[in-house]
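Shown next, in structure tokens, is the structure this report addresses.
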Amino acid sequence: MGTASFLKRAQALLRIQNQLARECLAELLAVFVLILITLGGSAQMVTSSGTKGNIFTAYLAGALAVMVSVYTAGGVSGAHLNPAFSLTMCLLGQFPWWKFPIFVAVQTSAAFISAGAVYVLYYDAIQHYSNGTLTASGPRETASIFATYPADYLSLSSGFLDQVMGTALLIVGILAIMDTRNKGVPKGLEPVAVALLVLSIEISMGSNCGCPLNPARDFGPRLFTYVAGWGVEVFRGKGARWGVAGVAPCPPCPVPSRGNGWWWVPVVAPLLGAAVGSALYQLLVAFHHPTEEDDPPAEQNSLDLVNTASRLDAKTSPVEKDAGGTLPQKK
Amino acid sequence: MGTASFLKRAQALLRIQNQLARECLAELLAVFVLILITLGGSAQMVTSSGTKGNIFTAYLAGALAVMVSVYTAGGVSGAHLNPAFSLTMCLLGQFPWWKFPIFVAVQTSAAFISAGAVYVLYYDAIQHYSNGTLTASGPRETASIFATYPADYLSLSSGFLDQVMGTALLIVGILAIMDTRNKGVPKGLEPVAVALLVLSIEISMGSNCGCPLNPARDFGPRLFTYVAGWGVEVFRGKGARWGVAGVAPCPPCPVPSRGNGWWWVPVVAPLLGAAVGSALYQLLVAFHHPTEEDDPPAEQNSLDLVNTASRLDAKTSPVEKDAGGTLPQKK
Amino acid sequence: MGTASFLKRAQALLRIQNQLARECLAELLAVFVLILITLGGSAQMVTSSGTKGNIFTAYLAGALAVMVSVYTAGGVSGAHLNPAFSLTMCLLGQFPWWKFPIFVAVQTSAAFISAGAVYVLYYDAIQHYSNGTLTASGPRETASIFATYPADYLSLSSGFLDQVMGTALLIVGILAIMDTRNKGVPKGLEPVAVALLVLSIEISMGSNCGCPLNPARDFGPRLFTYVAGWGVEVFRGKGARWGVAGVAPCPPCPVPSRGNGWWWVPVVAPLLGAAVGSALYQLLVAFHHPTEEDDPPAEQNSLDLVNTASRLDAKTSPVEKDAGGTLPQKK
Amino acid sequence: MGTASFLKRAQALLRIQNQLARECLAELLAVFVLILITLGGSAQMVTSSGTKGNIFTAYLAGALAVMVSVYTAGGVSGAHLNPAFSLTMCLLGQFPWWKFPIFVAVQTSAAFISAGAVYVLYYDAIQHYSNGTLTASGPRETASIFATYPADYLSLSSGFLDQVMGTALLIVGILAIMDTRNKGVPKGLEPVAVALLVLSIEISMGSNCGCPLNPARDFGPRLFTYVAGWGVEVFRGKGARWGVAGVAPCPPCPVPSRGNGWWWVPVVAPLLGAAVGSALYQLLVAFHHPTEEDDPPAEQNSLDLVNTASRLDAKTSPVEKDAGGTLPQKK
């Protein structure tokens, strides 16, 4: 009937054939979904004062958000979702460097927009919970729905280390899950395995500073809260939720600095963690995979990703072969 | 022995070959199962005062109910379960418009009947918990076991937006999970992936108004409670559970209307959300899938569903080819 | 080295080739594992007063126990685990009637033995928790670790209905999961899908009477508690945990009988529920599957099980072909 | 670009071709990840006083840690992770005895190192929670983050039995999951099934003594706590957390000994449990699998593992054929 022909005409009119544009649109939608579910899980816990959600449902929302997002864009853009993962792909020669800033911009913008959507969705709830005052500290603070803040005992250096270790573990896990020469996950179930990996990190490394692991996930929503009225406090982040600025809540603790200028830690540390994680997995596992004749050609890259994005790239964007240099890729 | 020949005779006698009748029977059973588990999870939490269930088990019941239901009828009727999903299939040219009202009627009737089964199953528990008085407000209200009611801070417009956004996310996720040209889920595991998707929405968008997402799931049981003795209050739904009608429970809140005439919101908003979600996925992802020669024929539809229902339809009901018009379907 | 030749000699010596004996051994181990994990989950919750387990971990243990058990024996005996499921297989002509009492005996004995193992495992914990007094009522009762008891508001007839409905839902779900002509689960993942099904029933129908669903799971451990010192009260089960025998804990409740002689309900009702569930799935779904030429031979049975047990049976036990009568089975 | 050629040069320089060295590196990384997530889950629960984690998230972390670890090294070293599992493989002729002590050393060292990483990661949190005093007893003890300690009611003999039974169940479950002649798990999903198995044991046998099940997981971190300042108390373990040494916390309990010298129990008992579990599965299931002509060659080993490690071994290390003696292995 008319439905099908309407769809065909709409597709003919609106279809985008440019590979990069397609990838950016898909990545935009995927990160929007990721942040919507992740922040939604926090908002549900916080604004209902724990009656409609708890710390476990909030973590689980963050993990399942990854699953839904990877299904949303995995076959188009690779669903990087995270500048730290895009960096890993670049470092391993699986993603061209010139695309890196573009993806980072898309990811961060999508996170900003999605934070706005969460604010609209939970507008009544946030007004009700906070009595209409948007703050980043005090018992009714709501800034932590959007961005992460460190526990009051945490020094900046420990927080930085936390994010390096957490992201390194995330990258080791993802590389292992995608490495078909290792144990391997059945095609199409990588998103579920990665979601369980994220959950495992959240419940084992989430109490120090809320487990951002992703510069875009943290900075985009933080910027939104600054713009939307929480004020500059969201960047200082000192004493957020856990005490008044300048007054140590636990005097005997050996804590030199309590989150002063915290905002850059979840931006920088995950990128460093991604490099550490990539290096660890290459040095301890991937470099040493056998390259006998019964295996794929010996010249091939050390990491053999089950990643539709790189397959699509190889097929349609000659620039990347340049980028890949002497690296023979599967086609 | 006798068992097998008895079965054969019974099958010969009772077998229905009409495609639509088969689909309606399977859809009826699937929605019955969906509502039985979903409302059962609520009833267990409410009537045990939280000792045998909590908010997480109630959400999980709703998610696993979807999984069980899709396995129950997925290979016969496609297990739409939800008028919003049937609408999506119509909008994408995957389901004939003339079947839409039939499926909606079946889904809503099954939800009504199943609500009755839950009432019978939990009759003693509800009598015990409510001291025999069936109400939709007050500390011992039991109407929220069956239908959803908004939080007291929620304005009607925010509730409407909540359901549009939630259902749009549901539809984006389902279309992505079923889209074999995207990441793809292994055949036979779509029900598990969709259940996890539903869980992610419940725990990130469930606190405003209980995450109905499905007109049949909400209206069928609401109608049952009206008939079964909860009275007309279930349609007005104002002040249900959270306060006495007409008295604002939180005076300083900027809430213009607290759920007056709530009942139509979970009926209308999910249908609009389904349209929004379909459009989003088509415009940002599905329209732009490549159609090179190494891919299936270029004339094919923008969305390639792994949906047994549509396959079966194509095989046995010529009417739908008419309905599909110029749309070449796989056979 | 010696290890391998030792293993070969041991296998040569101990190997059992009789099909029925193999099945019984595997079923014995599987039910032992099922009950060990199921009751262990209860014991952990009860004896730690909720500090090491809660209602969700106890339900989850019951569900995962099914998964582990089906992996343990699914390829040998079919891992029925439950007289209600064995009955279903008989009713559908997939399991010979003469084996039914044998499997029921093995299942019940394994449950009895396993209850003993749980008692030994948690001996110190039970002594500590109960101050050394084994009772089936009162605040420190421990009988409900082993068998199920009804909530104090529950009438016998409601409890009976609860078990018929719960088991019918279980059987509908299992038949759907195993039905390759419906949606279908990937081979080897049926145990996970069935475990999620069981979890969904436990969290939506578990508060009335603890969701036994399985005569062997309930009666074997109940018999053990009788023998081990809890006394005849475990059969009467009246007022267990929720009040002193003969005194109604909630006078205004319209409850005619509070679990007097409860023990036979979880024995009889699940068998009836299995028949109801089988009939429902056959009448609403399985009877109507298409039998065109592009499908397997038209004479075949209405239900096409992905069940290794039946395949093995067909291969090695001619008796069952007799039992199967005119039913052509796949080989 | 430079990235790919840099990677190739790095790989050429650093590549290790020795099979044993490759396996040890992968096993090292896998056990590091296992312990990082497992202990991290405990640390999060303990140091946040339950606000960022609870008993369920801690158990779940232990289970998901197994999944992540098996993906990390499963295709290289087989991801034994546990001396008890390495012993099982030896007993079944699937792993050479001479490698056993090497793997045990690697596993224990990795656990020790990883405990150190957890200490660094949670340094601020532990200092804050314990007020700077590292103890193995009292209300603010932190030793139980790293190693397991028995409940105060538990006698040594009951604790020993608990670990024998728990590990036997673990081994039965793993052997069943890996046994392709039984029900079978789809290739690549064994890690998920094993994680669910571990979770089922933790929530049904975790309250007596914390469910170590793994000598390396328990002894490595315990040694670390001794070195790092918790003192010799961690080996005595008497009265840890649950009472002052030498004073019975519950006088009427029939408990002869409360964890005196507990440390050796989680080292020895799991090894015995592994032997018991292997014997049980062989005697009740694996020995009796049919060996007809339609099955693989009759001389083959009783257990047919889906284990990449053994496949790789057979391919590259002739020593193991010696070790395997008369056992014809698949190549």
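By written order: A, B, C and D. Residues from 1 in each chain.
Operating definition for what follows: contacts are C-beta pairs under 8 Å (C-beta built on N, C-alpha and C of every residue); 3 or more make two chains touch, one makes a residue touch a chain.
None of the values given here were measured: they were computed from a predicted structure.
Asks: Using the touch definition up top, find the fewest steps from subunit B to subunit C.
Replies: 1
Asks: Between subunit D and subunit C, is it the same set of residue numbers doing the touching on each side, over half shared, or a different set?
Replies: different
Asks: Comparing centres built from CA atoms, which chain ends up most distant from subunit D?
Replies: B
Asks: On Cα atoms, by how many degrees is subunit A rotated relative to subunit D, nearest 5?
Replies: Rotation angle, to the nearest 5: 90 degrees.
Asks: How far is the middle of subunit C from the middle of subunit D, if each middle is the mean of its Cα atoms, in Å?
Replies: So the centroids are 30 Å from each other.
Asks: Let me have the rounded angstrom distance from the C-alpha centre of subunit B over to the C-alpha centre of subunit D, please.
Replies: 42
Asks: Counting only residues that touch at least 2 other chains, which ones in subunit B make the list?
Replies: Where subunit B meets two or more other chains at a single residue, that happens at 56, 186, 189.
Asks: Could you list each pair of chains that touch one another?
Replies: Going through each pair of chains, those in contact are A-B, A-D, B-C, C-D.
Asks: For the complex, give me every residue of subunit A touching subunit D.
Replies: 55-56, 59, 90-93, 96-97, 151, 153-155, 158, 161-162, 165, 169, 172-173, 176-177, 179, 181-186, 189, 193, 196-197, 199-201, 203-208, 250, 252-255, 280-285, 287-290, 301-302, 322-327
Asks: Quick check: in the complex, which residue numbers of subunit B touch subunit C?
Replies: Touching subunit C: residues 1-5, 7-8, 10-11, 14-17, 21-22, 25-26, 28-29, 33, 36-41, 43-44, 47-48, 51-54, 56-58, 60-61, 64-65, 67-68, 70-76, 79, 117, 120-125, 127-128, 131-132, 186-192, 195, 308, 312, 316 of subunit B.
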